[in-house]
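The same chain A turns up in both complexes below, where it pairs with chain B and then with chain C.
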Partner chain A sequence: MSAQKKRNFKIEAFKHRVEVDPKYAEKTWKILEHAIHEIYNHNASGLSFEELYRNAYNMVLHKYGEKLYSGLVTTMTWHLKEIAKSIEAAQGGLFLEELNRKWGDHNKALQMIRDILMYMDRTFVPSNHKTPVHELGLNLWRDNIIHSHKIQTRLLDTLLDLIHRERKGEVINRGLMRNITKMLMDLGSSVYQEDFERPFLEVSASFYSGESQQFIECCDCGDYLKKAERRLNEEMERVSHYLDAKSEAKITSVVEKEMIANHMQRLVHMENSGLVNMLVDDKYEDLSRMYNLFRRVPEGFSTIRDVMTSHLRETGKQLVIDPDRLRDPVDFVQRLLDMKDKHDKIINVAFNNDKTFQNALNSSFEYFINLNNRSPEFISLYVDDKLRKGLKGVTEEDVEVVLDKVMMLFRYLQEKDVFEKYYKQHLAKRLLSGKTVSDDAERSMIVKLKTECGYQFTSKLEGMFTDMRTSQDTMQGFYASQYSEMGDGPTLAVQVLTTGSWPTQPSAPCNLPAEILSVCEKFRAYYLGTHTGRRLTWQTNMGTADIKATFGKGQKHELNVSTYQMCVLMLFNSADCSSYKEIEQATEIPASDLKRCLQSLACVKGKNVLRKEPMSKDIAEDDAFYFNDKFTSKFIKVKIGTVVAQKESEPEKHETRQRVEEDRKPQIEAAIVRIMKSRRVLDHNSIVTEVTTQLQSRFLPNPVVIKKRIESLIEREFLERDKADRKLYRYLA
Partner chain B sequence: MAITGTSEKVALQALKASDWHLEGAFDFFYSQPQIRAVTDSRHLEELYNRYKDPYVDMIMVDGVSLLCNDLQVEPQDIVMLVVSWHMKAATMCEFSRQEFISGLQSLGVDSIEKFREKIPSLRAELKDENKFREIYNFAFGWAKDQGQKSLALDTAIGMWQLLFAEKHWPLVDYWCQFLQVRHNKAISRDTWSQLLEFAKTIDPQLSNYDAEGAWPYLIDEFVEYLFENGIVQRGN
Partner chain C sequence: MASGSDRVRFNVGGKIFETTATILANAGRQSMLGSLLDEFWKPRQPAGGGEYFIDRNPACFAVLLDLLRTGELHVPPNIPERLLYREALFYGLLDHVRAARWGPFDGNLLRPAASVPGRAPGDGTAIRAGPDGGCCVAHGSMVHVYDWMLEEHRPISLDYQQVNDVGYLDAQSIVVTARERLGRGEGGMGLFSSSTGELRHRFRVAHDDQVKSFTAGALSFSNSDYKIFASCKGRCNEYGIGVWDHDTGLQVDFFYEPTGCLLGDADKLQWLDGSNCLMVATLFPRTDNCFIGLLDFREKSVVWSWSDARITSSLDDKKVVHAIAMEDGRSVCVVNQYEDLGFMDLRSNAGGVRWSSRSKLMNRKVPEEESCYPKLAAHGGQLFSSMNDSISVFCGPERVLTSTLRSTYGGSICDFSIGGDRLFALHSDENVFDVWETPPSPIF
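Then we have the complex of A and B:
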């Protein structure tokens, strides 16, 4: 290779200046300006995109961006002003259409212009902090059209007028509306809000305020709610069709406020159609509507709840203190159950099973059930009635349903220990008279009580069942054994009751007839033979007997009587007539029981196996009794004495209550000792609170009684007062 | 010396210690552990034998009468209660040998004359708040039957009237009236002791009575009684 001179390539700038034709910028601009005009005049098809783009590009490149931009602004503004005039000139209904059409045009034009000026948009605009073309176009539209003095108000008024007409029932052009509102949105959410939404909401508020006032004067509650619901749905539909989605929450809250919140009290308390009427008449649909509407407003639910609660309390209270109702305990309880059922259904169907409403129902029941202190007794009597006959032939499932409902009422009782006492008494009578409809039902009830209140509550009740079963076994053993040889003596059936489990009743023994006595002694011997260390006491006030009796014309009847009655009747085997005194002496039955017994034998129509002289209703000390030869009855078997559970008389009620109070004292003391043992030192009020909490599942202790128990414990040196602070008590180990 | 019942020597000590200020001297004296004056145990035996019952080794009713006579005080004078308190007597109207002798020893007397001289100072002890409370509470155990837990109502009323004559309580008569009309049963120890607190802290118009104040229920009932009968206006 020959040594060639290496040439270094150098790149140098042009040594001569490139002269840009000063008129170049002006010329180029003119081309572009012309193009913009053509675009606005719908003549864009004749233009070359490439050429225009290049021109714009060159202008920017040669540092004429500013000229281009400001030219654009001027040109566009000029066009928009012309457009504004044409829109303003539109008549009536065509106004919106014209606006819409021009807006469409403008957008198309803007797009083309933006495409042409894209280079400027990307380079000159950002570096000079100018508004991009598209946005510029929107802003100019906004400023020159929408905010033009003649157009602005007219636009708003037109829109609002159309909405108003639609509310009144006219059909309007929803598509057009949508386009307009979308236009406003595109111009910026503040434009939409300021130029349309805010006034729209104001106008709507006054519209609905007026309409609701009108409705409420002439409609009843149910109708009003229907109308309110309809309007609400309308507005939501309106939004979905031609307003911005964000407006929904705002307009619905306007409707809710004007139509519902402002009239809540009046609606709920409306005479003859308000909430209370709806409840009474089971208007599920109306109630459901009210629930759904009121849930939208503050305090809506609490308003309904409060009115419902006070209605329940009032109704319940009336039910519970009405003296007529108190005559029939079973009916009393049935009504309570019916009331509960009714309202449960309402809450279920109309109030969406809302828990807060359920709670309001529960607290109302708890309030009025305890207003009547015989409620525990009556509920027990209701169960007794059902278990003795009411549930006869009812399927197992339905039995469970009934018992579960009763348990719901039971839960409301504050004095559960009173219920326990009565339940025990009634159960004892059922068991001993053999009058229970279903053992399974009995056991089911016990299980439910145990689940609710714990083992202690039901242990004695279960003991009673056990005794009954054991007695059956004992009787079998007795008859199998040698003790039972008695030839043709009376057949004995004994129930052996464990003292602690059965309700205590003081029993005055009476003189049993000789035949009975011998059989009883045989049993006693047998029993004590197998169970040493026990003591048997005959409860003559609780037994029954079946006697065969032959009357004057030879009619034979089988009489089912109480033990006392049997003793009295047996006397007439040896004498046709006996005076009261003779009977009393012979049987040694206590006077009040004897009188009742004689009354049932001599003074009751259809059951008068004895005749009394004189024929008065009451038993006097010098009455004489005769065996009633002339006794007749349709039935062969006549039931005279039954030991049936009944509503207690006043003195009995008083006595039971006293026993309950007595039983509560040791429970309170035990609670106090338990608390003090763990806390060691505690002030008076805290003890009262703690004791109440501990015992509330059984009963509500009286603070005065608690105080007395504390003093008793101080006396017995379980507790002492603190030396420094006399309100404190100290546990003494 | 007349008030504290002490000897001249001790009195001078106290006055010197307090710079010859009389009030200060009292403070000084009472804050000292009681200076036991020496007693002659033979004298004490003699004294005991004078009052002792002929059949039982105790001073019984007659002996007490005689003692009171010698001391020139009435038997139902409240100062005898104070004496009994010093003796830690178990029950009223009786003193055991132990109680009598050690009681007199603690009082620092061994003759009737000294005993007599001590009486005014014993009476003065009732004016002291703390001592009064102790004597009051002592009185319950002392006045009740040995075998019982509670104090019979009549005895209690008698004691209250005696005690509250010393320490004036305006409601004492209503209290006794209330008990006879509404309560009619024996008084428990707690009720007894709490009554003093009630009398001391609650004003007779019951303006600061607090129903939540953990007073014995008998006192709560008493307050109700006062309201019901218009003796005190409710709503104070």
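Then we have the complex of A and C:
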């Protein structure tokens, strides 16, 4: 056996491990790379999807995913660099179009590449934390095209230039703009914001800053606002046409800031066309525009409101303190109402019925109405005028409208109790003279006051109405009982007034003519017979009488006169002439009333049933009066009014005020006691605040007066000062 | 290609299939078959007599085409599932297969679908269901990851430290909490890729601007404001709940443990979307006294809490061993070692546990020596509790016992989890886990 023959058997390891052709990956990638080239070259029709898909699949399956992925990045980057060159080469206006076209191409290519590499996208990409193919394509586009330094600034400049040209009125290709901005948005919101939106906003700000400066120099306020509004709408339209919807708030805020906020004060105060002029001239459209524009900027509303308030206060103040206006209370109130109507309408039409504006209007009215302390009286007089005659032939609804408006003014009054005083007086006069036009209107007014101020405010007013009604019943009863004995005597109409409900001033009754006196006595007997425990006092200063008179040529007239006048005229039944002294003695009418009454009988042209010697306007103590034989009138009925100052005279005013102040005292005291009863111990300032809040529905109590009332209550031992702390008051039960 | 109609012809591995473009459209644009017919590729006529040639397995194509036609998946016994899945992945139809594979979750219709043996030593710590039907199992210092096909992926570990809890942030990401390794800054908490097992992010905790190592315990995620919560123990009494952001992975908050509230050792965290609070439960046997609290991170306050500190004294007393907040966010359900269910009202602070008397009726069994403590889960209005080797399903407002899931193999259940329309139950003995799923809807 030779050694050579001896063979060591040895098990060899397999030399052939099953390996994929090392060039396999390279070959496969070449196929795919070629396909990507073909896709970018618009030459994809020769490609087989199944084959490419299978190749990509196999590469991933055989762990060549990394090679596939990096190859894709390289190839796509190369193509994008080529694309960048061709975009850079595009001339002028063709630049955007080229960019848009290439973007479309790239998107299409990206879709096809993604289709081929779908398997990689699904398996290799997520497990290796790679960017998915579609996103990768967008990122590469962003880095190689949009952020290439030759394109980046050019793109931005082109876009901004186009927008600038559109702002200047040129027509631009909006579809193209839309595609380009859409591209930026597709590349990610940060790309859109950084590469377009931020510079766009900056450029817009400087554009509008310049333009607004130019406008404000040459336009009036209304025109400026029109322009600003148009610009704002244009920008919103621009956003809707070719920008990201999220840009709207940003660009509008730029326009708002540059065109409105920065010029707000100047606009509002613009001479001859500012807010005040718009208010004065009722420029609803301009006002509404201003409202809608200013609402967009901070402090916009408050600017308008402040100017409107100060304007209202100024004009209102002029209105209420102008002595010319004070002559005619009805006109005065009518002007207030007109002013209110005017501004209500402005707020309604132009200011969207904004609550804060209404409040500003109300507070302004409250401010200036109370500047004039005769406002309560005038408002009452206005109602009086309306209810006397002003509402004749007016429908019920219109009456309500007028009364509601008055109530609105009433609400502004701080001294509601003063109004109440006057209203009572005026109502009394209306009721007693039978001058009220409509019972319904009167009652409606009372109801309104009641809802506004509560039951106690109107209880006396209602008492007056009750008196009127019961008086009517009483008179019917009286005549029914006296029917047989009445005969030819004068007809008496008595109104029995409850003391306290009516604003009567105690006045000594005058001497009534005998004819009247007897009827009066009969009534007194009848009334006291039916009602026990009552006392009747005649208020001769408030009555009226109708008397028949025959003059020189046999003319018969019916004279409608006051009770005092009747007493005077009756004297002339027995004598044709009578001196002032004689009249005064016979009638015992108080001197001031008598003078007024004689004045109206002798000195008013057309109603001078008496003749006075010497002829003069005023009544003197030594005047003599004659029955005026020559009196003529074309009316059968002649109404002889008393010369009364419809408005209160100075001393009367003073008196009323004093009475009001007097009435307030117990109210303040009652409030203090009410508060102290529940709180037991309270310091001075808190009492004052609480009293003020409790009473402000009726009037605004003066702190000094409150202090006086507290002192008075301490004196009367309702309260005491705390021994330790002098600022505290203690309630003494 | 097919004349006049939308018919499409395929030659798959030599076998001819004919179908319509309409049926193929069911595959969606994101699939190979959908792209094939897209207009980008359509102008090109397929080669070889008007048919698309696809060099793949025809038998699987038949199954998948049937799936596209009917929406149902029927796999002939001669096709291994793995083969089918591979082919489905090629066509981009894996999601379709998964959707047809099992039906929407219902605790009363569950069937055992698979039983996966484990090979890890020692007891399992936790099992968590992933959102897409996969799961992960923590054993000691390792986490084994299975996708929905129950294919195992690379296991995860955080510096080979003892794993305390795991959770799926999404189908691709798993968060692992582990014990710290003294002195080396290891352990703590990490984010891993579920498919490759690589560590993607390590969560840090800083106290007074100083990064410190820590042991992370229970985990919870809030999907409404993208936060991750974990109970943390630092070495200098830095106990509390750490909060991190989903996206950045950075620490955004830390709730330091107030006295009387055990937070750093918590067994269970659960974010309550409705009340914007985190439920924290630290339970027996980790601590002798159970603590359950609701934390409001905006005000850094404990808005509700309960403790049995003064209630229990001996070991035989009822101890709360697991707790979950119910899905309506109004009550907490707890379970004791005897599998009694109890409820606590989160709307009032005064109540205690209302124990239901179910177990008394059921002839209370003394827990066996080798048993595991019960666990709870709530899903779709149903309540689940594990005890020994079975899981009970309770339904309705009265929590009526409606089903019992029991498997005979693997011993008692140490943890279970519901997600991705599946229930996974981890057994203690053999480290095996069972997969329960609802079969697809009946044919008729």
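Keep this in mind: the second predicted complex is superposed on the first by the 708 of 733 C-alpha atoms of A that agree within 3 Å, B and C clash if a C-alpha of one lies under 4 Å from a C-alpha of the other, contacts with A are read in each partner's own complex, and residues count from 1 in each chain.
Going forward, a contact is a pair of C-beta atoms (placed from the backbone, for glycine too) under 8 Å apart; a residue touches a chain by one contact, two chains touch by 3 or more.
Everything quoted here is computed from the prediction, not taken from an experiment.
Once the two complexes are overlaid on the shared chain, A:685 sits against chain B while remaining clear of chain C. Between chain B and chain C, more residues of chain A are touched by C.
By the document's definition of touching, of the two partners only chain B reaches A:711; chain C does not.
Residue contacts after overlaying the shared chain place A:727 against chain B, while chain C stays out of touching range. Legend: residue contacts after superposition of the two complexes on their common chain; A:122 is shown touching chain C, with no touch to chain B.
With both structures placed on the common chain, the touch criterion links A:185 to neither chain B nor chain C. Using the contact criterion defined above for the overlaid structures, shared-chain residue A:307 touches neither chain B nor chain C, since it reaches no partner.
Once the two complexes are laid over each other on the shared chain, residue contacts for A:49 go to chain C alone; chain B is not touched.
By the touch criterion defined above, A:111 lies against chain C but remains apart from chain B after alignment on the C-alpha atoms of chain A. The interface of chain A with chain B does not overlap its interface with chain C at any residue.
Chain A makes touch with chain B in their complex at residues 683-685, 704, 707-708, 711, 714-715, 721, 726-727.
Residues of chain B that touch chain A in their complex: 149-150, 188-191, 194, 197, 212-214, 216-217, 220.
Residues of chain A that touch chain C in their complex: 44-50, 53-54, 57, 108, 111-112, 115, 118-119, 122-123, 126-129. By the touch criterion given at the top, residues 30-32, 35-36, 38, 40-41, 43-44, 47, 52-55, 89-90, 92, 172, 193, 195-196, 200 of chain C touch chain A in their complex.
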